[in-house]
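Just below is one structure, and these are the notes that go with it.
Should a chain be cited, it is by its letter among A, B, C and D, assigned in written order, with residues numbered from 1 in that chain.
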Amino acid sequence: MSATSWFQDVPNIPFEGPGSDNPLAFTHYNADEVVAGQTMREHLRFAVCYWHSMRGTGADPFGVGCRNMPWSEADNDMQAAHQAMDAMFELVTKLGVPFWCFHDRDIAPERNDLSETNAKLDEMIDHAERLQESTGVRLLWGTACLFAHPRYMGGAGTSPSVDVFAHAAAQVKKAIEVTHRLGGAGYVFWGGREGYDTLLNTDMRRDGEHLARLMHLAVEHKQALGFEGQFYIEPKPCEPSTHQYDYDAQSCHAFLLKHDLVDHFKLNIEANHATLAGHTFHHELDYAAGHDLLGSIDANRGDPLLGWDTDQFPTDLQDATMAMLVVLQSGGLTTGGLNFDAKLRRQSTDPVDLFYAHIGGMDTFARALKISAQIMADGRLDELKRLRYASWDSALGRSIEDGTASMVDLEAHALKANVQAIDSGRQELIENILNGYF
Amino acid sequence: MSATSWFQDVPNIPFEGPGSDNPLAFTHYNADEVVAGQTMREHLRFAVCYWHSMRGTGADPFGVGCRNMPWSEADNDMQAAHQAMDAMFELVTKLGVPFWCFHDRDIAPERNDLSETNAKLDEMIDHAERLQESTGVRLLWGTACLFAHPRYMGGAGTSPSVDVFAHAAAQVKKAIEVTHRLGGAGYVFWGGREGYDTLLNTDMRRDGEHLARLMHLAVEHKQALGFEGQFYIEPKPCEPSTHQYDYDAQSCHAFLLKHDLVDHFKLNIEANHATLAGHTFHHELDYAAGHDLLGSIDANRGDPLLGWDTDQFPTDLQDATMAMLVVLQSGGLTTGGLNFDAKLRRQSTDPVDLFYAHIGGMDTFARALKISAQIMADGRLDELKRLRYASWDSALGRSIEDGTASMVDLEAHALKANVQAIDSGRQELIENILNGYF
Amino acid sequence: MSATSWFQDVPNIPFEGPGSDNPLAFTHYNADEVVAGQTMREHLRFAVCYWHSMRGTGADPFGVGCRNMPWSEADNDMQAAHQAMDAMFELVTKLGVPFWCFHDRDIAPERNDLSETNAKLDEMIDHAERLQESTGVRLLWGTACLFAHPRYMGGAGTSPSVDVFAHAAAQVKKAIEVTHRLGGAGYVFWGGREGYDTLLNTDMRRDGEHLARLMHLAVEHKQALGFEGQFYIEPKPCEPSTHQYDYDAQSCHAFLLKHDLVDHFKLNIEANHATLAGHTFHHELDYAAGHDLLGSIDANRGDPLLGWDTDQFPTDLQDATMAMLVVLQSGGLTTGGLNFDAKLRRQSTDPVDLFYAHIGGMDTFARALKISAQIMADGRLDELKRLRYASWDSALGRSIEDGTASMVDLEAHALKANVQAIDSGRQELIENILNGYF
Amino acid sequence: MSATSWFQDVPNIPFEGPGSDNPLAFTHYNADEVVAGQTMREHLRFAVCYWHSMRGTGADPFGVGCRNMPWSEADNDMQAAHQAMDAMFELVTKLGVPFWCFHDRDIAPERNDLSETNAKLDEMIDHAERLQESTGVRLLWGTACLFAHPRYMGGAGTSPSVDVFAHAAAQVKKAIEVTHRLGGAGYVFWGGREGYDTLLNTDMRRDGEHLARLMHLAVEHKQALGFEGQFYIEPKPCEPSTHQYDYDAQSCHAFLLKHDLVDHFKLNIEANHATLAGHTFHHELDYAAGHDLLGSIDANRGDPLLGWDTDQFPTDLQDATMAMLVVLQSGGLTTGGLNFDAKLRRQSTDPVDLFYAHIGGMDTFARALKISAQIMADGRLDELKRLRYASWDSALGRSIEDGTASMVDLEAHALKANVQAIDSGRQELIENILNGYF
């Protein structure tokens, strides 16, 4: 890390416990505290994202940026890139976060010539390598930005232009290579503009074939490189496109099954993308976990009354608890982590606001971890669910599940049983029990 | 048909053409008129649905029914059932509609004992058989009502109770049998309450396994019977459940692929279910058609500003045109049809309103058929799409599509090409051209 | 109260405190505990609603009821009405809730003749009067059901039929009279079907005039009677109508101002209606409080991902806390209360589920009361808000607020000041502080 | 206009009629054609908006602009400003549009010093004055941009900073002055960031007082200037703020009534803002017209499945027809017009796309005008509405409307009439009749 500090007034964030009213201390996140057999650090695997935290300015469709990032003031864009990376590692280190995430174009500027762009990227990867080594911070995942440049206005893998597809492939190739070089635990495909604005100029079926082809090429390249990181697809239903092809977890599952890619990918589930798709965060995680697709998590929050990706920092304790419960019950995150794909509100204009925001998110998930471990240990909720499904553990239930019961058997049973009702689902009781944990 | 007429004041609905202002005449639907090589009757394959048209009363969660259906006034429920069926065949015949659709419990009442219920159903099937023969009206598809009875409050194939699963299986078995007996062209699975109200008492993965098991049992029974009708799943994202497992076309595709059912099912796409899932009707049809899953259509309309299934009669000409364009381009409906899964507004209280409603829907789709045939014949929209994707028909494009281009080849191309932009997508021009057809 | 118990297995619900895992005990609601100068009973003024709790069956548009209410099994509807009322007072008493609420048609059946209907209502009012006296339970508010009967399918005060308007007026007259007789603290107007399904058959301006006329008639009758209870309008944006005239708090405000009714009405704010209108519960309460319109509260919860009124029991602690904060800061509820306009989930089929549900709601609001009192006592959030607006307390700020600063003065100031930025809004910090209270 | 042409390949757009397939010709807009007593030009009063058409680049939150506007290539920002204005007048003239609209900061760049900014604005106003004179194009309305600069991140009239309020007042003062100088027919207040991101740092009541104060200052300054243009408020429910105070037409009505501003303002209704607020465009126009608030129209279109302001060009014929029907029935636009507050899709990258887009919008509204005139002339829809409300024209109806009928009178009538039902609302028939006009 450079000698200059970009957050001079901010110390390393200490854990002070629930009683503290120091806004620059953790009240729940205690990295070395053991919960359910592992430290919080190991369970939660937090990551800071480069794009929002280092590159975000608060600009929106109705106004220019209003956050002055001191690391952006520089004589040229490469100096600014170095400063931003230094600032990122300082932020991550002071927060005690173990991981970071980036897009290729976040960390190094783009030139008109791809070779030159790649050279600038390599320069910044060298810098990142040094900073990783000196700080011990690791790379959760890398990715390529295939949506910001005008060439990608009609998609990347689904562009109507074959030149753009090739450009995207070259960019993915390079991004996998540098992720591999930095020891990344994974690599994410977020289909920024893979979708359409109008079906009237779109061949949806052909686009799907092209996108699958890009994924297969990436798998082949990964294998050629010997990169063992996990590949993820990140579902999102819309925005910026009117329809995004990776709509939600189950849609991505269809795509992976259809194109014989299901063994090579898991999902990176984002809370705000879940709600935009009409699902709870809990639902998307549970679907993924139930189909062996839960890979990593973009920990943020949307506003359920707004129809765009607000990417707020996660502060909803119940949502976070449901998420951690799914994570714990499915054996924990392995290659993945909790990446704060979250941005400061436009009116949060000070660098220190980055600290408040991450502290809030980390404390929320730390508390959620402790509560979900307690819920699992207590077993009251699990027991109610087990009782509700108990009849499936009968001989009849087993004969259905193992495929031995025939339609005729079942009809015979039904004619005799004439079932008229089932037991109360007890939703209110269950919600009360859950509330008792908070 | 019985001697009694239930719609005495309504004649057989004639075609009078666009100039007519007779509200009981067609202005566009001319059954024998040939469009693109087939009659309108053959293309459109309209069906009247039994549930809304015969059983609907206008009741909603805030009030009791307010439509007096004369056929419901009877000494007992079986007399009412006969009368309703007579009225349905009169309605269908006077409209000149070739098909009908029903749930088992629409046409015959349920008793506490399943054997007796089945006997009452058989009696009504006998009656239907006679009416089909005398009128020439055919059955588009049958289905079982697995959601209205309290036993199904927690689902049918996904019930937590194995007794309820068995009851559902018995009901499906019987419903397939009577559909087969009536010569039905298909059979629909709409997962009325296959879903959950809260994940806290739900095992989503296990529910999926159970639902797939029910589907496999149905496939086996179909084969045992020799029933050659098409099986359909009908996607819907929510309502009555908080989450319905058959969320949308692509979700159903995932389910069918995952559970090795994709060769046995197509989809029944409903316009209102599409919009509830955040998609256009056009999108759902195009997804289905592009993956060989387009089976049949529930032709209705939702209110995009309301969050429940309003099931209005389809009167949006542009939506219907996009639908018919997908249908024509994918080779037309074969086993499926356009079923009016639509209900009169609560304030439409006269039997004659049923005629106005169906006439409006039929004319809308007849006009949409003519326009979509014209769009195809003109080829202007297709040509713009073809030009947009033209680069994919180059040598490079073909090498990507056929899998011979490697990541290294593509990178080499990209480094040389340095593509910066692509052509205008021309959405406004295309929308103007489309508007010119209306 | 009658000798028969309808909830024999349920005792009076005791307060056992946060440590208790007795599902039939309160963990937070301790009626006599003093918080911020008043008992919880006085602050919260809970009410049980008759319609959902006594009359709800779990029926929905896709299925019949599945909850067997023992009090509904009777030889005739008047016996059932007596039993239901006995059961209601038993429920209320065992919960220790001080108030109840009802529609005229909840408590007594309707006959074809209005005189006879009124007589049956009077009989039940006699019964209610006896039960109120013997239990000490009071009436929070009464209302007339102007939406369930077919005559009201096109609205009541906004019906296109003048006969229906007259019927509605007669029903309101009687409902105010019986509310007065029972000592009701208020009277609610929820415009069940005051709105439209399609503008094509609607005269929105004229409907508004008619609705205002009904309100004025009610005000005159209230004054003639000497009834001193508070009148409330309850906003709702849609459902059952496509558009409801009482869309939200601010829309109702416009209506009251436009028609010179603002001195005679306050609002009854419902959480689920707020979210259907695109607002938070907090927003609607704050708007009402800020314009002296906060009267009473329908305490429930919607599902932000669903587009209909789910009327779930309130269990969201943060929402409830924001609500109680507005209530406390605006001086507390006086005539109004917290009415549980909430219904059991369809799958909650046992009478005891009514107790779980109310306990959950009461504990949530009790906890919210304690937290909001603590937030006010601490003053940290208030202080941050005060600092944010501090410049308005300067001389310039005061000159603008009191109207003495002119446009020219302000321009002169602006030309000199050339303000370029303002302080951070600190949203993340504030959210962290808020989370610290939970 | 300067000698340089910015759209060299585009001729003046001719009217060629419905048969034409020239994409650069009108098929319906024939400026001098008389419909219902006025020319199309006079009825429709189209305006081109400066911000989207001249300043839009296609940038969105996920990518930079991709439309190269040749007029933006310049040695300095003032040269670019001149070029853009020249191009705007060329566009307007070639389209044959009679009006334009602008924000102060669209047409001239901002400097750090307000005096200098005002000087640059004056220079561009001089240029606009010359171009207006030479082309005959007039100004529909002007406005001030109070949302793009960072100083406005917390609002303008509702900023927590009194300095920002003063700056906003100064900017409004100047913008009214230059609008007056250019002979503008009106002046718009769109409350870009007048609202909040979180209630936790917001005093909603005090913000309302401040906003009203700004409006009163503007009214006073208008009177001092002798400016006779109409003031408009433009409702929008959210975006960029989480909640915008000018939520919808009825909310604005409440604000105007509450703060004694209703005599000085009308509304500028935008289609996309209507749907974001949960209303149809038709509803917002009808509410405004019914309360003498319909002033001007922002003619665009949203995507009902997306939750942000897509600002598409209006191509929905039925929506446009309902709009023109309200306009015609309320006596036509006087000071207001149809301003295309609409932007090209991001993928529409050619200057000629601006022509396609405006042609599509103009043809849609021209056709809508002709159809709505025909609907009014036919009178069938009006007659059905009249019949539906006919009972209100009876003696009883009149006695209610004029306030002479008392509650006792109405009860007496109701006891005698015992009304049980009303006539069918005929929604399906009415929708069929409407469809017959298209």
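The definition used in the following text is that contacts are C-beta pairs under 8 Å (C-beta built on N, C-alpha and C of every residue); 3 or more make two chains touch, one makes a residue touch a chain.
Everything numeric here is computed off the predicted structure, so don't read it as measured data.
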Remark   = When contact pairs are matched by residue number, over half of those of B-C recur among A-C, C-D or A-D in A-D
Remark   = Comparing A-B with A-D, the one with more C-beta contacts is A-B
Request  = Express in whole angstrom the distance between the two chain centres, defined as the mean CA positions of subunit A and subunit D.
outcome  = 40
Query = So what's the Cα centroid distance for subunit A and subunit B, whole Å?
reply = 36
Request  = Mind pulling the residue numbers of subunit D that touch at least two other chains?
outcome  = 66, 150, 153-154, 197-198, 238, 278-280, 305, 345, 347, 349, 421, 423, 425-427, 431
Inquiry  = Touching residues of subunit B toward subunit C in the complex: what are they?
reply    = 58, 60-66, 147-150, 152-154, 192-193, 197-198, 238-240, 242, 276, 303, 305-309, 345-347, 349
Key: Interfacial residue positions of subunit D with respect to subunit C in the complex   = 112-115, 150-151, 153-154, 159-167, 169-174, 197-206, 208-210, 213, 216-218, 220-221, 224, 237-238, 243, 247-248, 250-251, 253-255, 257-258, 277-280, 282-283, 286-287, 290-291, 322, 381, 384-385, 388-389, 391-392, 394, 396-397, 400-401, 403, 406-408, 410-411, 413-415, 417-423, 425-427, 430-431, 434
Ask   = Which residues of subunit D touch subunit B in the complex?
value = 18, 21, 23, 27, 66, 275, 278-280, 304-305, 313, 315-318, 344-345, 347-350, 353, 356-357, 359-360, 363-364, 380, 421, 423-429, 431-433, 435-436, 438
